[in-house]
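Naming follows writing order (A, B and C), and every chain is counted from residue 1.
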Amino acid sequence: MNTNTHPLELAGKAPLVRFQNVTKRYGSLTVLDNLDLDINANEMVSIIGPSGSGKTTVLRMLMTLETIDEGVIYVGGEPLTHMVQGDKLVRANEKHLRKVRGNVGMCFQHFHLFPHMTALENCIEAPIHVLGMKRAEAEERALDLLDMVGLADKKDEHPSRLSGGQQQRVAIARALAMRPKVMLLDEVTSALDPEVIGEVLNVIRKLNDEHDLTMLMVTHQMGFAKEISDRVCFFSEGKIAEQGTSEQIFGDPQNLRTQQFLNAVLDAG
Amino acid sequence: MQEYFEYLQQYGPRFVDGTLVTIQQTVIAGILAIAISIVLGLMKLSTNKIMRWPAIAYIEFFRGTSLLVQLYWIFYVLPLFGVTLEKFTAGFLAVGLNLGAYGAELVRGSIQSVARGQYEAALALNMSPYKRMVRIIFPQALLIMLPPWGNLLIELLKGTALVSLISVTDLMFEAKQINGSTFLSAESFGTALIIYYLMARLVVSPSMRSFEKFWARKMGRFDTHV
Amino acid sequence: MFDWKWEYSVEILPRLLSATVNTLLAAGFGYLIALIVGLAFALLQRTGVRPITFVVREIVEFIRSTPLIVQIFFIFYVGPQFGIRLSPWTSGMIAIGLHYASYLSEVYRAGLDNVPKGQWEACKALNMGPVQIYFRIIIPQAIPPSLPGMGNYLISIFKDTPMLSVIGVAELMHAATTIGSETYRYVEPYTLVGLIFLAISLPTALALRQLEARVRRKMGMNR
């Protein structure tokens, strides 16, 4: 069932992220079923598919928000969900997770900005308290990032004063401030009014064009996914039903379910 | 009415003395209760059984028995186990320990009410559990718990009246003494009731509301929908 | 426990248990009074007649904000000052009844306020009278969310009955103090009192939580 065509597979180079035989269950429900997935450095990978297919779970497990049931996830060659003990792999403890989690950053559908802090404070909080950065340095970096997302003038505003699109852009800046190797974007435009979706997509476009960032994006924005992705994975029932380049998946889907899904999505406009 | 003014002139100072003791009891018991609430509330939220079970036991015990029984026990029974406390200490200790149990549930509930997304965002930024709680979760939980804490503090104030029963010379004690010598019960207990009411309505409630407003502003909530 | 006298405990237990019955009766009656007077307080505040609402509101606030023990003393001693002699039991019941009526009136008010406005409008459209509206439509819907509060206050009343011992009501605490002063041994009586309280209040709290769930299901209001 695994169409593992890797159009960008660089000969001999290990993938930045590797899901190896990953299974995740909630009670009797299997959400991810023996998943194998590789993400290479600087790749922009979109994950599409119907709800309940396990798309968001992939991101959440990579961010260590969910625990793994079977299999191993590797980031940068090192195990994320497990740790090396002697010559065996055992489940990672909190200490190990804290060490490796810093390689991954995530933006959420509902942004989850800290309401009691300004945009600037949101972006300097983790660099200061997790990376131990000095305040001046953290502020400088945060201002650069806010500028990049087009919100330098809103640095002293609280989230309650910002529109959804603005909040999501601050959330992106906040995540980038930690210099993650992999950025996860979980349906970051699904909760936004149509007129502000564009500003967020522009930021993502800019990130992809101007920065060396590996991104994994779950999205319902098919047009955007088609335009920007190096690779598209179609998920169905906890497995990758089909993956390939944008042209392959959107232009000429081979799998029946992929075809059905795309037809339904396109019908809905 | 004229007689009441004369009564107040004569006994006013004693009422004031009693009120001062009541205020002391309330403040000390309050500090104790707040400290216990935070510690136990957090303990009850722990994933570790060794943390959780003692907290649960404490809370169920102090909420399941009455303050008066606890007070008597601390003052009359504890000495037989070698712990003899002065009545003033026994007083605020009982009240503080008792209300700490209720406060713990309040703290726990408020922390759990903070949106899960906040916890996940902080985790995604790799913040340590300590920093997460102190800088992100607890400040938001505090905003949620302030209104019910206002009610709890009034319960605390009312609870201190019981310490008069172990002869702590608080407001209630003075009222009883004055009643005993004058037989003017309406005036004696009535005045005490009025003073308690004034303390609750004019001191505790407004103070809490100002603090709520202050904290809401600090949390960036400029709509004073507090 | 060092120096715990088992024979003594067994000896005094019957007296304590029979006093417990008094305690339960006191709590029960007090609660009944509170339930009814509380409803009156709540409904009076909804009449829309400003003076009545204001006066009742102030009374409720006053009672809620002042200690029950002081109210008990007030009612017990004030009577004789004006020629009326109230027995300890009666004064106790009045004091507890009024005190908890004011708490319960707040619970009722919240419950009533939370019934959606649409219900009132539907009743008006069906030309129902106020008594019918309140007792057949509104109050039944106000009950399930109010149950936790009402249940908690039942347990609170039970725990507050020891206050009645100070005006001589022969309930559990009073019996324990009497026994203690007879033999100069307070450890066993007071400890047993504590245990009896726990033995009654904890299962009651559990049962209440189950009752609450059952009423919710029965009324089809599954949140």
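Methods note: a contact is a pair of C-beta atoms (placed from the backbone, for glycine too) under 8 Å apart; a residue touches a chain by one contact, two chains touch by 3 or more.
Source: prediction; values computed, not measured.
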| item | value |
| --- | --- |
| Chain labels contacting chain B and also chain C | none |
| Innermost chain by mean C-alpha position | B |
| Maximum centroid distance from chain B, chain identifier (CA atoms) | A |
| Top chain pair, ranked by number of contacting C-beta pairs | B-C |
| Chain B and chain C: spacing of chain centres that average the CA atoms, whole Å | 21 |
| Chain A and chain B, separation of their C-alpha mean positions in angstrom | 47 |
| Interchain centroid distance [CA atoms averaged], chain A/chain C, Å | 55 |
| Multi-chain contact sites of chain B, meaning residues that touch two or more partners | none |
| Touch list for chain A against partner chain B, complex | 63-65, 98, 101-102, 104-106, 108, 110, 112-118, 125-126, 129-130, 158-160, 171, 174-175, 178 |
| Complex interface listing, chain C residues touching chain B | 2-3, 61-62, 65-71, 73-74, 77-78, 80-82, 159-163, 166, 173, 177, 180, 186-187, 190-191, 193-194, 197-198, 201-202, 205 |
| Footprint of chain C on chain B - complex, ascending | 60-61, 64-70, 72-73, 76-77, 80-81, 154, 157-159, 161-162, 164-165, 172, 175-176, 179, 183-186, 189-190, 192-193, 196-197, 200-201 |
| Touching residues on chain B, where the partner in the complex is chain A | 115, 117-118, 120-128, 131, 135-136, 139-140, 218-223 |
